[in-house]
Amino acid sequence: MNPIVSIRNLSISYPGAGARSAVKHINMDILPGQAVGLVGESGCGKTTLALALMGMLPPGCDHRGEIIISGQKVDFYQRPGQPSARDHCAMIFQNPQTSLNPVISIGTQINRIIQRYSRLKKSAIPDRLAELLMLVGLPDHCGKLYPHELSGGMQQRVLLAMALAREASILIADEPTTALDAGTRLQILNLLKQLQEKQNLSLLLISHDLSAIARVCQQVAIVYQGRIVEQAPQKLIYTQPRHPYSAGLLAAIPKIHPKRPRKLQTLLGEANHATEQSGCGFASRCPRREAYCEQQLPPLNATLEKNQHFACFNPRPLPTVRK
Amino acid sequence: MTASLKSAKFSSRYKLPALGTLIFIGFIGILLTLAVYPLAEWQTISPDRFAGISLEHPLGTNALGQDIASRAEKASWHSLRIGFLVALCAGLLGVSLGLLSGWYAGRWPDTVILWLTGVMEAIPFYLFVAALAYALRQFNWSMELAMVITFWTTMARLIRAEVIRLKQRDFILSARAIGLSPGRTLTAHILPNTLPVLLVQLSMIFIAAIKAEVILSFLGLGNNSNISWGQMISESTHEVISGHYMNFVSASILLFMLIYSISLITDSLQTRSDPRQGIA
Amino acid sequence: MPIYLRKTLHSLSLLLGVTFISFLLMVYFGPDRSYAIAGKNPDTAQLEEIRQQLGYDQPFLNRYFTYIKDLASLNLGQSESNGKPVSQLLAETIPVSLMVLLPGFLVGNLLALLLAMVAAWYRHSWPDRLLTNLSLAGVSVSFLIIIILLSTWLCTPQGLNLFPSRGWRVDSLASWFTYATVPSLALIIVTVFFNLRFYRALLLDEMQQDYIRTARAYGAGPFSIMFKEALPNTLIPFLTRLLFSLPAILVSGSLLLESYFGIPGVGKVSFDAIFNADQPVLNAIVSLSAILVIVIAWLADFIYPYLDPRINLQAETP
């Protein structure tokens, strides 16, 4: 199957950041109907990548590489309102409260997008609105309400409805559940998964929460300081993480009913953003570091198992198969 | 590329306030030079009407043969004096009332001060000046007094808002927790933090006072014992038609120089305290 | 207490304050009319009688209440310089002032808003820099200077000499253009300079909000972003500025404009009243314009909930 999104060797640095890039040499494919998770700690460049996909980078960024969506190259500084590659993408944001226009009713906000992207007749728009609201699990009368009259979960549903109204084939969700409470978070993730499957959307789900990704995604990429350090099918990442950073992230997930009570682990230290080192970026925090790690940058290689890529000289060993 | 970006940032950030400072220093410099090397007496009437530019009359003379340069110099001092005086007094009044009402926000001193602010803002300024000037006929400073009485309100509102905002901050809460008196807390901890807002508003009052004085004295509502830019402009309205521009040009350029230079400096102050609002 | 009742009471208390001050200044310390009425060389008995008729011998509070009663019943008295009832004088002049000022005021504000949109859209690049720098220089030019320059350029033989330099004989649209163009232009220029940077700051603030990012992500173009997304969010500060500068323009702006161009509006009337110490006229203008300010503020509180659904007068706690 041909990928619908392919990111080729993408590097981006913000103006004034000097040589330090927010995103470095990223290669990534998203297949039609596939859900890909992007995990990493705060500041590792997840939002930057999403904005690049939308052609919405702030002016003055330095970039290399390219993104191709459905065979069309993305213009990173797309002027608003012009037709472009990003018409295939819809994006929902971290903070639903501020992402909706506070003085315009929900219905009007969704209608504007329907009008812009569908070829429906004017008279058919109210029906489409009702349909979309139903799809995201909102009662009909919500159309008349204003954002402040909705809970955070409902607001995120409205943004999802807007994304669907766009009739895009790719949905980018940038930390869609971070601002929500635990119960609502689950509902929204389930809705996201259900919609993605029903509408056969390609999904890029961004989060710093591995458990959220596990619920929804088939493929996972782990990002550290702008680089993908491990990329693999969801199952492999969770059962046999090879990169020490992935393992650290996994160990930091609290388990609610652990068979054996386990001490919650935290990653030692903090990401070192200040300098651009020549060796492995994770070296200063890595429990498996060896002297040679700091000499050279570990490339993102596929090892024996073809679909698990990781950038590490001294990866965690594969778990021994028990007979 | 980064270096050029940085220097571009530097220039746009400092060029305009630097220009403002330069104009202001130039303005004051000329006035000080003229204080050392005095010009002709500004009131002296001579038969030399509408004289052109000469060594004796650097800006020529007006319809009465009076030296325009020395009149402009006197008018400049007059404007500066009014600007500083009104800014100082209205500023003091506004700051004290603002501190008081911010501190007692929601209680009666606040209610009274807010009411007073509302009342003063509802009265049309020019008519208030005229009425006050009439009521205080014997008093030479009625125009300045009227400005002070009306110009403090915005300052009070801004300082009040700042105090209410700062009162919730940890360092104020802890200062109060260790038992610092309200007076000390206000003057030692809150007031210094309102400084950006305070300075910007002070120069706004300065500008407003000078502009208002020019219009008032143009209309003949000013203090007639002093020469002012407004009077010069008022004289000049008849002269301009017959092609004598010096009175008008010198008064209006000096007025523009003073206000523009202060505006440039104020704007950069404002940009620094709220980076979103200013130029560049 | 319900919030609208509180607001109304507050407005009434402001009215009381304003009328008190104008009473104090205009009536109590204002010109003594007894001499004017008594004519030349009055004797003390005559004067005493006139003072009694005028109520000057009454105690302070009584006079104040009489004053409020007169004002409330729109019993504004008669002009002392020409004997006309003040209410008739105002009825004649207010429409003239509105004709001179309102078009320029509205056009100036709209133009400022449009230019502010351009500046906010191109923030920090050259159109923005040009506009903001121009308006900073522009507000530094006195209104007076703008009026003189414009009229010298457009109304004198020194310049283009297209319009009469003074006067007002307006009975049709064409004559309106003859007499009101230059004053309106002057007003438009100051209004644009005065408001541009404020409106730009308002819009720029909105442009940085997340919902604008959402709109951009969902394909909204520049027009849509400015007018349909950002503008509705700036409506309250925009209207506030518009409404609250209206009384100032009507009274203070017209004072300069109308006395300069010799237009018989409220400004000219108050200018004449100032110089003739025509106390009933001044009094009426000060009180009425203050009342206008307070009524506008009172009305604004009731309009705002329609502009921003988050404002709810009933739910607001004191």
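The first chain written gets the first letter, and so on, giving A, B and C; residue counts start at 1 in each chain.
Operating definition for what follows: contacts are C-beta pairs under 8 Å (C-beta built on N, C-alpha and C of every residue); 3 or more make two chains touch, one makes a residue touch a chain.
Owing to the predicted nature of the structure, the values given are computational and were not obtained by experimental measurement.
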Pair of chains joined by the greatest number of C-beta pairs in contact: B-C
Remotest chain, subunit B as reference, centres from CA atoms: A
Where subunit A and subunit B are represented by their mean Cα positions, the distance between them in whole Å: 54
Whole-Å separation of chain centres (CA-atom averages), subunit B against subunit C: 22
Subunit C to subunit B touching residues, read off their complex: 10, 13-14, 17-18, 21-22, 24-26, 29-31, 124, 129, 132-133, 136-137, 139-145, 148, 152, 156-158, 197, 201, 204-205, 208, 247-248, 251-252, 255-256, 259, 270-271, 274-275, 277, 282, 285-286, 289-290, 293-294, 297
For the subunit A and subunit C complex, residues of the former touching the latter: 54, 56, 80-82, 86-87, 90-91, 93, 95, 98-105, 112-113, 116-117, 146, 148-149, 159, 162, 166
Subunit C - residues contacting subunit A, complex: 209-211, 213-225, 228-229, 232-233, 235, 307-310
Subunit B residues within the subunit C interface of the complex: 12, 16, 115-116, 118-119, 121-128, 130-132, 134-136, 211, 214-215, 218-221, 230, 233, 236-237, 240-241, 243, 248, 252, 255-256, 259-260, 263-264, 267, 276-277, 279-280
